[in-house]
Amino acid sequence: RRCGYPEVIYAPGKSVEALVQTFQRLLTERQNGLATRCSSEQISALQAQVPEAIVNTVARTVRWNRAEPESGKVAVVAAGTSDRPIAEEAVETLRWMNVSVDLVMDVGVAGPQRFLQEKHRLEGAGAVVVVAGMEGALPSVVAGWVACPVIAVPTSVGYGASFGGLTALLGMLNSCAANVAVVNIDAGFKGGYLAGMIARQTIQ
Amino acid sequence: RRCGYPEVIYAPGKSVEALVQTFQRLLTERQNGLATRCSSEQISALQAQVPEAIVNTVARTVRWNRAEPESGKVAVVAAGTSDRPIAEEAVETLRWMNVSVDLVMDVGVAGPQRFLQEKHRLEGAGAVVVVAGMEGALPSVVAGWVACPVIAVPTSVGYGASFGGLTALLGMLNSCAANVAVVNIDAGFKGGYLAGMIARQTIQ
Amino acid sequence: RRCGYPEVIYAPGKSVEALVQTFQRLLTERQNGLATRCSSEQISALQAQVPEAIVNTVARTVRWNRAEPESGKVAVVAAGTSDRPIAEEAVETLRWMNVSVDLVMDVGVAGPQRFLQEKHRLEGAGAVVVVAGMEGALPSVVAGWVACPVIAVPTSVGYGASFGGLTALLGMLNSCAANVAVVNIDAGFKGGYLAGMIARQTIQ
Amino acid sequence: RRCGYPEVIYAPGKSVEALVQTFQRLLTERQNGLATRCSSEQISALQAQVPEAIVNTVARTVRWNRAEPESGKVAVVAAGTSDRPIAEEAVETLRWMNVSVDLVMDVGVAGPQRFLQEKHRLEGAGAVVVVAGMEGALPSVVAGWVACPVIAVPTSVGYGASFGGLTALLGMLNSCAANVAVVNIDAGFKGGYLAGMIARQTIQ
Amino acid sequence: RRCGYPEVIYAPGKSVEALVQTFQRLLTERQNGLATRCSSEQISALQAQVPEAIVNTVARTVRWNRAEPESGKVAVVAAGTSDRPIAEEAVETLRWMNVSVDLVMDVGVAGPQRFLQEKHRLEGAGAVVVVAGMEGALPSVVAGWVACPVIAVPTSVGYGASFGGLTALLGMLNSCAANVAVVNIDAGFKGGYLAGMIARQTIQ
Amino acid sequence: RRCGYPEVIYAPGKSVEALVQTFQRLLTERQNGLATRCSSEQISALQAQVPEAIVNTVARTVRWNRAEPESGKVAVVAAGTSDRPIAEEAVETLRWMNVSVDLVMDVGVAGPQRFLQEKHRLEGAGAVVVVAGMEGALPSVVAGWVACPVIAVPTSVGYGASFGGLTALLGMLNSCAANVAVVNIDAGFKGGYLAGMIARQTIQ
Amino acid sequence: RRCGYPEVIYAPGKSVEALVQTFQRLLTERQNGLATRCSSEQISALQAQVPEAIVNTVARTVRWNRAEPESGKVAVVAAGTSDRPIAEEAVETLRWMNVSVDLVMDVGVAGPQRFLQEKHRLEGAGAVVVVAGMEGALPSVVAGWVACPVIAVPTSVGYGASFGGLTALLGMLNSCAANVAVVNIDAGFKGGYLAGMIARQTIQ
Amino acid sequence: RRCGYPEVIYAPGKSVEALVQTFQRLLTERQNGLATRCSSEQISALQAQVPEAIVNTVARTVRWNRAEPESGKVAVVAAGTSDRPIAEEAVETLRWMNVSVDLVMDVGVAGPQRFLQEKHRLEGAGAVVVVAGMEGALPSVVAGWVACPVIAVPTSVGYGASFGGLTALLGMLNSCAANVAVVNIDAGFKGGYLAGMIARQTIQ
């Protein structure tokens, strides 16, 4: 194995032609393919040239993967509507890995009761991805109710002293819960990928 | 009225003689007196010279105030044992203001159930002071359960990327709860003072 | 009660349709509604669909609230013209809460006499909101003349080493005055909300 | 389950008496106990009062755990000699969890060949902990050779622009490898705990 | 003329012998001499070897200068007691330059009236040095009442988010007053030197 | 006198109408007027409505001042072409104050000889303004050759680790030369104003 | 010789006319000329007016140099596609210096094997330029395999906590390899220039 | 070859026994040995056990190297007395590499003339190391007078806004001179090592 992941294309800074060509080569080689952070122009080109690819315009992803039986289970929990694109990037990454995924939205801003109502949906997950911006407190709250690893994804959602996600990142790193690890700001792909890796190797 | 508070002495950098003299002058003038952040040497001198003063060695405060009927009610909530000195500084400030105060300790590190068990103690408070270090998530959690202002006091408790309280400070400023205002790192006096001011002017 | 405030909509990142729909639902449920940080497009749509809503284009707010007798009094003090949008956001929040509000403008850049001439307007306030950018010194000055809590709102107004409001934020946190608490940069809503909460519970 | 971990004691700021008493109560309740970041004074007291406890003076830990068959396998990889105390804290945490652990030392400063010689020791691990200071590049290098999650622990080892571990932390968060998650600076306990949790739930 | 100032010795990091020898050479050459930031050990040695030197233990300075008629007038204004050592360093520098100097103490923490009572002492000054820590608001206040340049000296006095003087420095750089220039944190010498230079070249 | 300077208008955030009206009122009152940081739209409007005003499109200033005999002399020294707008803002401020001004351009990037050739132009100046970005070393170099105060203006010119002028600002604050004071990043107006104030009160 | 480099033009902020004129003057004087960071408009103008100039649109450079026999050898190694513009700027600088240059692309994201396959191309180089963003680990890896100086160029490529290249910069400064020196973020010209200077003075 | 340099021992955090043993093994293997950043205790032990080792107490280094004819020439230039320990660390590294070295002290604080008087000593050097703290301007000045690479070593010398060498580091990275590369704060070893590597491979 290698650093990075050959089948995952980070689209920013790639020309439409180069992107389409790389994606098509993956399909020709019968490899799964995932392109993240695609511009709308890149998405249109991929849709036109690779009709079998599955597009998620909120996540800004394009993927193709062999349908295999799902293995492993992950819950993706997001604090608010503005965190949705990053949460969906994690979700698409997990679908592309053929991991079963449940997206639990809007449990951050809606007060303590909101998450308590939804927390049963986390049962049986091998890992949980928690996506939150601003003060980034949600992973600590979630981690207190589960017995599996929590991958915290800070987002750049916020204003003022949120400093583009830095406040959420620092909060998550200092979580009082022992089962929280952190990835880069807005790194939905990484959050999903790690959670998927853990869930797939989990005894069920 | 004036900037600062004449009867409150910030002890660091003051000689023992100057400190004792200022404190005694307040008593002679029949003013309430509060000295904060006293060293053990300063505390010993004040105890020797002003036997009627009330010392709190955890808070590192010395105070004297006319016993008046209590007016207003404040709860001081602290996340962990290491936050105790700052929480006690807030408590002493409130006692010195003759405000009724209840100190709720160790509700941060002990998981979600811990705070839920104690939250009835916040009922009837005109303001709540929340003292927490590390990721500083406790004020958001508390604020979701009360209908009064929450004064958040970040502490320098933590290690690594807690950056001497900066992470807690930033987290509290970005709280998703609308009823949270913030004071300086380790500013137990200010947190207590503001909460006391609010509570005293509250209709009960 | 809950974290966040159900009737307050933070508009950025919401589609025009979602925003209008949420606002209309609040009215249907006879709840007060306040939308903050609306784009001009969002404002136009809300005006067209909800004609009874009250728009403030400087504050970028849209609100609807049952007319109730005013209760509590707050003064909003702003340093300069550029701070006006944030100050107006605080004002609109207070109107929506049916709190009596007086906006004192341009007392920061106009020299020491300017504020002294206006300070009588702060009398009787249960709380004062002070909005200022650049060095953020105005809350310290104001706090020296009032006996109630001061909620300081740093703004991103300034250039160079104002670092998008960070300098004002830090200055306000370090205020020598004991009655100053701080909210996030440009957080006019939060400043107004906290002041309104304090003023409403104040004995007059 | 709950936030934090009841059986783990963070020793800084605790009195020797409080620490010993808490540790003894855990044993009385037949719970496993782990105390981290103990001072030499705290270690001596625990050794005297709880002779069956296992001390690691490099890691500054004291633990007691029921001997159970090991389950799961983790490799702890450390860059240099100065990172050893943090690496040992992770190792002790894993032993306390009854997870099989292999400590691979000094593969960072000794050049590319050094790690290549040792990498066979990572085979079969359910998770790898990588401990490194200074530029924090080691997790990226290790992650390229394994197919399991890597938990990166930045250390405060370094000088000048290492900024107490901040440079290592940022480097690890920006790792080009998709299977790297990060915990707080010097957080050997958290790194070990997460890796142990993953390894224990892994199919072998 | 040259960069630096030959007759001024920055004592930290110099051996006692080297310091005494340099100071004595200046006297032999009939040059004025000023040593700043001396340790108590360095002060004792200079006092023993150069009895005619004038020591200020608060400022930690040792100086010798030919008595000349004073020329120019400067006021040094300090916010609080803890800022005194830096203010005195400025005062000693001005005395060494034979500039007339008036030290106005404790006008920062004592509220708005305090400075208004003392401001007549600034009349006729060719420049004013303002020394303040914490939020560093004093230079803005002073600058509004004088028609000459204000040299602002931020100090490292404060705690929490004062960040060793950084908050005061940033506040002073963003002063809304046009006649404020700033020097380094704790740079009492530089503040005094610049003010003295301006005052000496001023028409009276 | 007052904080700020009534006759100086900071244009950003002002409507064209408000700006023109304020400028015209100054002229009606026979006051000098200076508007800084004007947009091209604002400049066009001022030119159309106030034909006697003097425009500098590089400095983005508009001014009107009574022609008086010049008093005092200032040199404005700029490192490179990109620093020109800020240097011209200082120059226009000085012209508006009727201070004699000489602009010495491009002495930073052109090597040591370049400044040595031009340094005779600084003779007789009561103050020197030095405008530089990137590493901000020019004030130290200039200050070594003059016996008057140097007002250093850091600019946001640069890339990468120049951090929008922060590097230049920090460099200037740490200048080894004793006669350097600093103003905010890109604060050409403040640099010119302070230098003009010093030069006008200088004995010639 | 002088500070800066007369024949190298930093294009940003220069008018098209000034840029063309400066470039043409260099050719008239038979000097080599290099313009960096040109906009597409500036490139078009230079191409139209100076047809013999060599344009690189990826590097955004325009150069003209007398064809001389190559002297010295440098390898430029780049981590990923997005780093290409900066790597090409280094390459063009070296061509303009008549230094032999080999560009080794995409060895960062493609895992450990990728660089090992290409490292023979670094043999015989007098210096190596390594261009990388995100965590900036590539220079450490490369430096371990060569016996010559490595000039590390951090790039602003990345997202989230890459902070515009700051993370890569700090990582490179803390490299555990002794033969790594660093230049500014995105400073392809400087990296190439220094490597060329070293390679040209190298014994072969 | 390998990352790091086997014969160089970074002493901090090593026990006296481990350090002596490593040093003695190098000698036994007839390898050159260099230990840097030794404490006085470590130095005493090395002197006692390895009498042939050469100690420099200012540099805090201990070295042993086979006397070989010197090859290559480097000048080490230091700004002030406080920078001496770092400059000497560079010097000792160069001696250990058998490179000819000239140490030019105190050219920073002593004004422009001072360096001009000494610059002839840089002639013929294959590389120059410049060691400076505070604003870190010296490398720019030196680089303007030499035609070889300059390795800039920022030091933690300074106070206030020097931020432990960060200001000097940033200034050096933004140097307007093209021939300046930078190493970590206080990295005298790295500066000397790189300069020695360049000088040894230089045609003379």
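As written, the chains take the letters A, B, C, D, E, F, G and H, and residue 1 is the first residue of each chain.
The rule is simple: a contact is a pair of C-beta atoms (placed from the backbone, for glycine too) under 8 Å apart; a residue touches a chain by one contact, two chains touch by 3 or more.
Quick caveat: nothing in here was measured; it's all calculated off a predicted structure.
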item: Those chains which touch subunit G and also touch subunit B; value: A, D
item: Comparison of G-H and B-D by number of C-beta pairs in contact, larger one; value: G-H
item: Most distant chain from subunit D, judged by the mean position of its C-alpha atoms; value: F
item: Approximate Å spacing (C-alpha centroids) for the pair subunit F, subunit H; value: 41
item: Whole-Å gap between the CA centroids of subunit D and subunit H; value: 36
item: Computed distance of Cα centres, subunit C from subunit B, in Å; value: 27
item: Residues of subunit C engaged with two or more neighbouring chains; value: 1-4, 109, 111-112, 140-141, 144-145, 160-162, 166, 169, 173-174, 176, 184
item: Inter-chain touch pairs (all); value: A-B, A-C, A-D, A-G, B-C, B-D, B-E, C-E, C-F, D-G, D-H, E-F, E-H, F-G, F-H, G-H
item: Subunit A-touching residues of subunit G, taken from the complex the two chains share; value: 81-82, 109-114, 157, 159-162
item: Touching residues (chain side subunit C, partner subunit B) in the complex; value: 1-5, 8, 126, 140-141, 143-149, 151, 169, 173-174, 176-184, 189-190, 193-194, 197-198, 201-203
item: Subunit A-facing residues of subunit C, complex; value: 1-4, 12-14, 154, 156, 165-166, 169, 184-187
item: Residue ranges of subunit H in contact with subunit F within the complex; value: 79-80, 108-109, 111-112, 134-137, 140-141, 144-145, 158, 160-163, 166-168, 170-176
